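Here chain A shows up in two complexes: once beside chain B, once beside chain C.
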Partner chain A sequence: MSWTKKILRVNLTSGTCVSEPLNMDWAKKYIGQRGLATKYFVEECDPKVDPMSPENKLIFATGPLTGTAAPTSGRWSVICKGPLTGAIACSNSGGFFGAELKNAGWDMIIFEGKSAKPVYLDIDNENAELKDASAMWGMSVWDTEDALRAARGDNDIRCASVGQAGESGVLFAGVVNDKDRAAGRSGVGAVMGSKNLKAIACRGTVGVPVDDAMKFMQAAGAAKQILADNAVTGEGLPTYGTQVLMNVINETGALPTHNAKDIQFDGASKIGGEAMTEPRESDGKANLVSNAACFGCPISCQRVSQMDANHFTVKGQPKYHGKEGGLEYEAAWALGAATGVSDLETLTYCNYICNEYGMDPISLGSTVAAAMELYEIGAITDKETGGIKLEWGSAEALAKICDQTGLGQGFGKEIGQGSRRLCEKYGHPELSMTVKSQEFPAYDPRGIQGMGLTYATSNRGACHLRSYTVASEVLGIPEKTDPLTSDGKPGLVKAFQDATAAVDSTGTCIFTTFALTMDDISPMMAADSEGGWTSETMMEAGERIWNLERKFNNDAGFTAADDLLPQRMLKDAAKTGPAKGKVSDLLKMLPEYYELRGWTAEGVPSNETLARLAL
Partner chain B sequence: MKITLKLFASLGKFLPEGTTGNETEIEITKGYTLEQVLEEHGVPPEHCHLVLVNGHYVGPSERAAMKMKEGDALAVWPPVAGG
Partner chain C sequence: MVKALYMSISDCTGCQQCEMACSYEHEGVFNPAKSRIKVFNFPEEGRNVPYSCTQCADAWCMQACPVDAIYINTKTGAKEVSDALCVGCKVCTIACPFGTINYNHATGKVIKCDLCGGDPKCVEICPTPALTYIDAEQTGMAKMRLWAKKTDAGQAAQS
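Here is the complex of A and B:
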């Protein structure tokens, strides 16, 4: 029942907003959010559609648990065909916007077409209307949110918007909500900008009824207790956030450094979670101010930072002197270790810029790292960079190029196309650390073998959050496996992929799975929503969603040849650390993975598999 | 015999007084086990979730018998995670 059973269909070309009933047959097979929105997208969009054309659709989706009393129920997603990859894109976010949308009475919004002029969607419970956003075009995310609140005269509205990066077609532009939470990956913000859709402003007071309130509160209460009692979700993540991983992964010998030429970074200790808590030499204050939480989240892993006002990046710019969203691990790695920059304050500034202009810091940092290697070998020079000396470790160059990228200026325009296009243009495609044109994250496949298969087979291009085997291979959750062996990893990756697809579709956060199992999550679903959900049907739905995404990509033109890591991962052995001498065993893992999936040797779901999953 | 002791996150407080950052070189008795090193520095075993020697994981059942060698790097974390 906690599907609202209502979809808002917005035609940007004609300017209409129409309410439709949710397809409940699909809801019972695809859960919600990532799964259900992908089903809608696949049914309505040609796989060959140009991602930046009006024919691409853009779906904002909540899950059946979004906005309920379930722990971490602030999750929501943006689904479209991604312009960075040409593959299915599903980018998740937290914060408060998703719960507000659900509380306004909507399961999802489907945007189609393209507006002739900049607009934003104004939602007040069941009332939805497109309004002129001409005055906001060119504004940052931060200024847009302030302008929307002023326009409504309501400080309690929740907003999701694109900044200058989404407007100017940065292919890794994100949709940012609540000023520093983002559906960051795969360029969903570029699609939003291409439709002249600046923002959604939402106020929701309808509430979210659940199917069996008593059973639901019991299940949600039990899950909250597990999260509170677990040392990782009850203490580790709240205290140190994801940034505690910087030293863990560096010590493990799997921290891609200098565009993955190296696998360990000697500046790691200066940019990790511990460093954020230490007093700065400059002003005696710590970078980290506090943690913070998304809607309904008892974990509270978010970082809140405050920079030294005299740091060169922010001196004389008061808007950066307050408390803002701080560095998470992926951003600190991409902007830091990948580029060799070990100045925590510069990384914090660049992370602010990503929130303000609306960009994915993983793709941004990785692309700058690729540019630095192109600069090192002389494939680009000061002529191309406009005089910016893109040398490893240069904080000044990093800050400058991040500004330029967000604003679509200078050499930043080329960075904004992502590393695959950049490296191809300058004759060195092998220097792009991407899969399906998306930059890979903070775990080197040579040092954590399961992550190589994870990146290679991720349906949205290289991504750690589609099957986070680091939990098992490094952190020992749910049980420890050896990161240096590929034995058993195809099965591990498949299990993580299916479970993650299910959890991503509920409206809760994947971080709960450091403590909760599907046996803890499915009772919340069963009490919340009709459909008689069990752990088995949840996992089956997850596998169905994974195959649906795969089938879309195959229909879009992707083949097994695209399940490939950069040659550096397959041929250049790690130079230091536990993985010294190793490369990724991807080519050994892939055939076993395809077989486990019930796919052909060409990576195509077999007819039997499609029939088994009712696809 | 010298080894490098690295204690991260909430375990940093167990590093020798005067240590800056999260690691320091320490002198240990030859033949000391991993468990003895941590015990000597007062690190509660129940807080030692992730233990690496030279980057390699050492499980709880191996820590009492594992002898440290000259130049080893011992790194320890309480329960932590990320993504």
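Here is the complex of A and C:
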């Protein structure tokens, strides 16, 4: 029952908003959110579609647990064909927007076509209308949210929008909601901008009923107790956020540094979670103010930060002097360790403007790191950078180039095309730390072997959130495996990929799986929604979703040759730390992975596999 | 012992689980818009503030009601609304200085916190110490203890 069973179809070309019933046969096979929206997308869109053309579609999707009392029920996703990768893009966010959309009575919004002029979608429960956004075009995400609240005269609306980066076609532009939560990766914001769609403003007061409320509250209560009692979800994440990982991963010897030339960063302790709680030398105050929660979340890993108002990046700019969304591990790593910058305040500023302009800090930091290496070897010079000295560890250069990228100015225009295109243009494709044109996140495949296979086979390009084997290889969840061996990793990656696809599709947060197993999650689904959900049917749905995404990518032109890591990972051994002397064993893991998946040696799902999964 | 719903603002993370427990208890659906307790986010101040009826001793809503639909639950001290008597005139919503009693269009009655008959569901579900249900005459104890401890350690003068 906890699907609203209604889809809002918005044609931006004709300006129409139409309600249609949810395909329940699909819902029972693909759960919701990531899975169900991908099914709609694959059925409706040509895999060869140009991602930035009006023919690409853009889906905003909630899951059956979104907006319920399930722990972490604030998750929602944006699905389209990604302009950075050319692969299926599914970018997941938290905050409050998703629950508001569900509370307004919608499982999904499917955007088609392209508006002739800038518009935003205004949703008030069952009423949805496209409105003129000409006055908001050119505004940041932060200003857009203020303008939408003023236009509606309602402070309680929740918004998702693109900033200047999405408007100007930065290929890793994100969709940002609630000012500092983001569907950040793969360029879903660039697709939104290409459609002249500035924002969605939503108010929902209809409510979310569940199938068997009594059973649901029992299952949700049990899950919350497990989360509260767990060391990661009950203590580590609330206290330090994801930034709890910075020192841990550095000591593991898997922190890609200086565009992955190194595998450990000597400045790591200055930019991690512990550093955020320590008094600054400049003003004696800590960067971190408090933690905060997304909708329905008992974990509360979000960081709230406040910068030193006299720091060179924000001096005289009061809009950055308040309390804002602080650094998470991925952003601190990409903007920091990858570029060699160890000034916490500069990284905080760059993270702020990623939220403000609407950009993915992972791809941004990684691309700047690639540019720094190009600059180091002389492939680009001050002539290309417009005088910005892109030297390793330069906080000034980092702040300047991040600003230019978000605003589509100067050399920032080239950074905004991502690392693969940048490195190819300047003759060194081998310096791009990407898979399927998407930049690496914060784990080095030489030091954590499972993550190499994770990146190589991720359906949206290099990504840690598709199979977070770090949980097992570093944190020992659900059981400890050796990060330096590739033995057993293909099976581990497959299991994580399928489980993650299922959890993403429910509308809850993957962070719950540090503590919860599918046996804790499936009872919530069973009580929430019709379909008789069990751990087995959830895992099967996850595998079905994974294969559906893979099939779309194959049809879009991707082959096994795209399941590859940069040569640096395969040939240049790690120089220091526990992984010293190691390269990634990807080429050993891939054939075993294909076989476990029931795919051909060319990485294509076999007919038997497709039939088994009813695809 | 009469108990009170006590809110420790600095502990609130803004997750809104209280709103879901409340709306489920009273309306049977998860719907923050129908919750008797509300969490307000002030992102620029990094603060989340839960807000609900404080069950005034001399309740303005009760005094203003022209049909005596608001009565005191003698067990909990909560001021409760009798749906059988309420005519939906909304005078109480004007009388309440805090805005914690509101009109529900779907039923034509007003809704307010009734302390769930002495077992407030918002307290049960709250993942932090932000919401507690404690002796109404001792609501300051936790704060006093905290400050007393600081005095012991010689920290009060510094903080």
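One rule holds in what follows: the second predicted complex is superposed on the first by the 615 of 615 C-alpha atoms of A that agree within 3 Å, B and C clash if a C-alpha of one lies under 4 Å from a C-alpha of the other, contacts with A are read in each partner's own complex, and residues count from 1 in each chain.
Operating definition for what follows: contacts are C-beta pairs under 8 Å (C-beta built on N, C-alpha and C of every residue); 3 or more make two chains touch, one makes a residue touch a chain.
Every value quoted in this text rests on a predicted model; they were computed, and no experiment measured them.
When the two complexes are overlaid on their common chain A, residue A:Gly296 makes contact with chain C while staying clear of chain B. In the superposed model, A:Glu251 lies in contact with chain B only, and not with chain C. In the superposition on chain A, A:His464 makes contact with chain B only, not with chain C.
In the superposition on chain A, A:Ser472 makes contact with neither chain B nor chain C. Look at A:Thr506: by the touch rule set out above, it reaches neither chain B nor chain C. Within the superposed three-chain model, A:Glu274 lies in touch with chain B and out of touch with chain C [touch as defined at top]. By the touch criterion defined above, A:Gln243 reaches chain B but does not reach chain C. When both complexes are overlaid on chain A, the residue A:Asn56 reaches neither chain B nor chain C.
Look at A:Val304: by the touch rule set out above, it reaches chain C but stays clear of chain B. Counting contacts by the rule stated earlier, no residue of chain A appears in both its interface with chain B and its interface with chain C.
By the touch criterion stated above, chain B contacts chain A in their complex at residues 6, 8-10, 12, 21-23, 49-50, 52, 54-57, 59, 73, 75, 77-83. Per the touch definition, chain C reaches chain A in the complex via residues 13-17, 20-21, 23-24, 27-34, 43-46, 48, 125, 127-128. Chain contact summary for the complex, chain A toward chain B: residues 230-233, 235-237, 239-245, 247-248, 251-253, 269, 273-274, 328-330, 464-465, 468, 470-471, 474-477, 480, 482, 510-511, 514, 577-578. Those residues of chain A lying in contact with chain C across their complex are 67-69, 96, 99, 103, 178-180, 204-210, 213, 217, 221, 224, 228, 289-298, 300, 304, 306, 322-324.
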